[in-house]
Amino acid sequence: MIKVGIVGGTGYTGVELLRILAVHPEVKVSCITSRSEAGMPVADMYPNLRGHYDLAFSEPDATVLKACDLVFFATPHGVAMRMVPELMAAGVRVVDLSADFRLKDLDVWASWYGMRHESAEWAAKAVYGLPEIARSVIRESQLVANPGCYPTAVQLGFLPLLEGGLVDPTRLIADAKSGASGAGRQGKIGMLHGEVGESFKAYGASGHRHLPEIRQGLAGAAGQDVGVTFVPHLVPMIRGIEATLYAELNNPTDFDRLQSLFEERFREEPFVDVMPFGSHPETRSVRGANQCRMALHRQEQSNVVIVSSVIDNLVKGAAGQAVQNMNIMFGLAETLGLEAPALLP
Amino acid sequence: MIKVGIVGGTGYTGVELLRILAVHPEVKVSCITSRSEAGMPVADMYPNLRGHYDLAFSEPDATVLKACDLVFFATPHGVAMRMVPELMAAGVRVVDLSADFRLKDLDVWASWYGMRHESAEWAAKAVYGLPEIARSVIRESQLVANPGCYPTAVQLGFLPLLEGGLVDPTRLIADAKSGASGAGRQGKIGMLHGEVGESFKAYGASGHRHLPEIRQGLAGAAGQDVGVTFVPHLVPMIRGIEATLYAELNNPTDFDRLQSLFEERFREEPFVDVMPFGSHPETRSVRGANQCRMALHRQEQSNVVIVSSVIDNLVKGAAGQAVQNMNIMFGLAETLGLEAPALLP
Amino acid sequence: MIKVGIVGGTGYTGVELLRILAVHPEVKVSCITSRSEAGMPVADMYPNLRGHYDLAFSEPDATVLKACDLVFFATPHGVAMRMVPELMAAGVRVVDLSADFRLKDLDVWASWYGMRHESAEWAAKAVYGLPEIARSVIRESQLVANPGCYPTAVQLGFLPLLEGGLVDPTRLIADAKSGASGAGRQGKIGMLHGEVGESFKAYGASGHRHLPEIRQGLAGAAGQDVGVTFVPHLVPMIRGIEATLYAELNNPTDFDRLQSLFEERFREEPFVDVMPFGSHPETRSVRGANQCRMALHRQEQSNVVIVSSVIDNLVKGAAGQAVQNMNIMFGLAETLGLEAPALLP
Amino acid sequence: MIKVGIVGGTGYTGVELLRILAVHPEVKVSCITSRSEAGMPVADMYPNLRGHYDLAFSEPDATVLKACDLVFFATPHGVAMRMVPELMAAGVRVVDLSADFRLKDLDVWASWYGMRHESAEWAAKAVYGLPEIARSVIRESQLVANPGCYPTAVQLGFLPLLEGGLVDPTRLIADAKSGASGAGRQGKIGMLHGEVGESFKAYGASGHRHLPEIRQGLAGAAGQDVGVTFVPHLVPMIRGIEATLYAELNNPTDFDRLQSLFEERFREEPFVDVMPFGSHPETRSVRGANQCRMALHRQEQSNVVIVSSVIDNLVKGAAGQAVQNMNIMFGLAETLGLEAPALLP
């Protein structure tokens, strides 16, 4: 059994980790920390966990965490970068669900997150944990930076196009939409049901923290800098991200081989599903499941490739991908504990 | 492995059976029938099942069904009563999720369902499959009538009060609320998103088909006829039932022992959770899970007991309870395949 | 033109007052106060008001308020009771949308609101502003206590039964359901979209502040003390209240005349609509409109009268009823500015 | 008073016309037709209209329609083109909310709508009723083709950019999102609450009927053919469209004057609101109102202009714009009957 600790477990990614790990056959959650809720049983805060956990939130305690095989960070940015070095020194492995170790350029990181990065060493060593591009290095890594939700949906959809050099990398557009759980579980007026329900809007259209992460990832796939416009939107639902991606095909005749290119690229991937050409993936088809589903489209008289890509922001966009990374790191079957179909309807 | 057939699999209870059975370690679904969709892969209709089933819907075929160990009926009323006798004769076991075998008084059945019952023999032999009252007879039964969604939530909540003779059985009120999936997956204008969304209403307030089923069940628990008023309501959500139950305590001093009475009654029940006195169960705490959670309330200067009881109408109110019944019938652990926590948020 | 001031305008009742008054032909809003948002244009906080108001929120200023003909309080409890005496002395008329002047028994008020009442004089003089029972005294009143949202829906539905002495007043049950805007516009975690969406629950089942207000109102109608159980629930929608009311008819033969009794009682009421017997009023049928719609039901073999009553909690349950009261107080047509149909779908 | 007839009034645009016209001071609705619901009072189908209309649906009757001053068609495509010529001959004015007279190229029309157009004469004479570009010709027109919902949101947002020649007209992208009422009020399984709720998806991504209408409109504004990619999406809400528009600025220095260009372009438009640069218009800010709100965005290091444009698909995207057109045609104040603020929250 892998002895797991969770730092910062009161948010939606925390409870989602607990939900997934509750039925993972090789994991024992030995501690879950929260400064604000220390002492409260997790099942009191999250009644879906009644009967599944006896655990209570505890103050973060380095000794306890260092006794874990793996620690997940489900914290706001700025926390993991301070605690990780000590855990690394103790030989603990870490999957960080926050943004602390995702960007390689720490000046860019500092400008988007409004603070200086405090662990340049581990920022350099951390592996960006998108298994579909980095499985083998994840396996050997002690520190995995779990990708952001939007970046997961966007990168997976663009990947075959950029790796194949089929599109103009300077003219990428990612119009992405997310359910409200992506904003976390904090008492913000703007996220009240009375504000979010029955309405739709763009947000962060002039610049969102996931933009540099997307840019870095796509540049890696393209082997060159990319020009990408990314606009997130808030959908009146709880879970799910859909990203509609637009790219210009360099050679319109390539349309004929796009579908097989995508199928080929992801044939061995347990958690990427390329649907038939012209399909419309629904976010509900991945609700609660560690899946990305995508489909390709073309409009008449156009050389614009359209990719629609969906994930559950809390699963493949956060806790599920983190468990997938853990499975890889510990040599388990990659799908272990992640087999259940999505909840539909 | 139990060889399972599903008759009438295109509706929401059908897909929910498939979702649950996809990860059940002792089941192999060998056929799923639909006259209207014969030939269509189930994963084309329900993309959450992509990668989980190769199966396509097929025309109902008695030979195939008779080769099953167990057949689930997820059909409109009137279908199972015609097909069951032949399956019984062939020694197949059946869990009927429709209403065909729930009522013992076939005149009452006929008046509510608008047709004559065609299998009085099996209506008499069928066991009403609420495990919390009938576990031992379910185990031996060849034909189990799976309870309706509202009747499950309502009966479980009233059970300890009536069994203990603590309340006036002639003055019971059950004010129940359900998500839209309870109405099934048919193209009715009244169930469009544009009609159901952002609105709330009672329906069937002058009489609903689940009323006689509730009456029969409560009478069984009380050991006498009961007077119960049951009003269902439509909630703008997909899954979930909440029933708020009102009963008059015969002896107000009994309030002191109600909580322990309820806890005692359900202590051994894996799928009934009595929450602390004064709690407010949320439907999301059981979304996707085979659970009933309930809590008790009392208002000052009042001898009215209030019970709030929640289930997922598609799980403990339908497919999950059906699998629970199957587990009991086949001597498996009752919780097998039903262990995953609810999806929250 | 009536010169109107609004105290505490940043909440949902505040913006709803502004929305309604924007097209009221006899009103000029001259100030709207908010300590926290002083200086912010109302249209910046509520973009639906762009182009309708130049006004900004201002610090509460007694001089400015005393220059108004009418002041609406849309404040938390405890504010109006402190400011009202000075306005009364200045001859200003007030409609208080908060709970400060609703209860006549100030010990009861203190026990539910957790503070001592500071204006016994005006609590005694205030008129409870349910026009359907108090129109003539409202007309002459300087201070109107605008009823709570639940109490409006519940009282209107029970009124004909209690006034006529047709039911047992000791056995009343009001099972009520509200959209999330009823909880106001504050950053509470429990009211996030991620918490409220796709879920349903009871709350305040052991006792809610509207219970004593309902009790007081029903006792007035019945001419004696009443026994009423009131359980509110939270619906995953923004606006709307539905109350399902249960009462025992003293004489079952009275069922035959109930419908005409209700129609007669409300025939002259512009904002109460008695629908045909057996109808199911939907909250969306009153969304944005100052209407209460209700319908009666009876179940076979039962002497329980069922009334389903719907309002928009922000309109007939708050701001619309306040404007109706203002119209009455100033001798205007009672429906002025309140004529538009509900927004459906 | 203008005597108005409505053909095909049972759908969402029909009821929305009735809602708006109920408080329009210069209109009398004299008939509303529906073959399927002839004889049913409109207030029975749409209870929000109880007390506002005595009217019942009637069979379409040419004599009655010819006695109207204006007829609105709220019909599926293919109906208006057959009935309009007779009304034109009788001197009746028509606003057609269907797609019959929107496209000038009837071959294109035939290929998208799957039938031959039957009134080439009136297709040629009809005026495309987007007041912001065609006010003066609408005033003189006998037949106005009311724009589609998506085309309204998309055209208004691109208009200043194309009219000014500031962007590359061959690389336009319109990623649009709509609530479920856009699909009309028909019993389609795909539009059930259980299918639409809590999910998000693209649809029609390979080609949607509004694409040629958008292309035609944008070409008119640009004075040349345009290349536009248009992808609609379905949002789990009832009303509202948001379109996020992407265009490449020819000269990046033009960014500095974009905001004033937009403000200038729409300064005199009563129903277009240019919000401050960097704002995020919400669909709820126009719910129920005949408004388009929009805002501009720029991301660092990018020459892509981003415009977010919102309307209520049933109002500025259908019935409200139709009434606006009627006001223009009859020389009334353009805002008459359309002054009420949006319903928020």
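For the reader, a short list of remarks on this structure follows.
The chains carry the letters A, B, C and D, assigned in the order they are written, with residues numbered from 1 in each.
In this section, a contact is a pair of C-beta atoms (placed from the backbone, for glycine too) under 8 Å apart; a residue touches a chain by one contact, two chains touch by 3 or more.
Being a predicted model, the structure only gives us computed values, none of them experimental.
Just to note, of B-D and A-D, the chains joined by more C-beta pairs in contact are A-D.
Of all the chains, the one whose CA centre sits at the greatest distance from that of chain C is A.
Distance between chain centres (mean CA atoms), chain C to chain D: 36 Å. Centres computed as Cα averages put chain B at a distance of 45 Å from chain D. Inter-chain spacing, taken between the CA centroids of chain A and chain D, is 38 Å. Multi-chain contact residues, meaning those touching two or more other chains, occur in chain C at positions 12, 181, 185, 194-195, 197-198, 236-239, 281-282, 284, 287, 345.
Those residues of chain D that touch chain A in the shared complex are 171, 173, 175, 177, 179, 194-195, 197-203, 205-207, 211, 227, 229-231, 233, 235-240, 242, 244, 246, 248, 278, 280-284, 287, 297-302, 304, 306, 308, 310, 345. Considering their complex, residues 12, 15, 18-19, 22-23, 46-52, 181, 185, 197-198, 238-239, 273, 275, 281-282, 284-289, 293, 339-345 of chain A touch chain B.
Listing the residues of chain C that touch chain A in their complex gives 12, 180-181, 183, 185-189, 191-198, 236-238.
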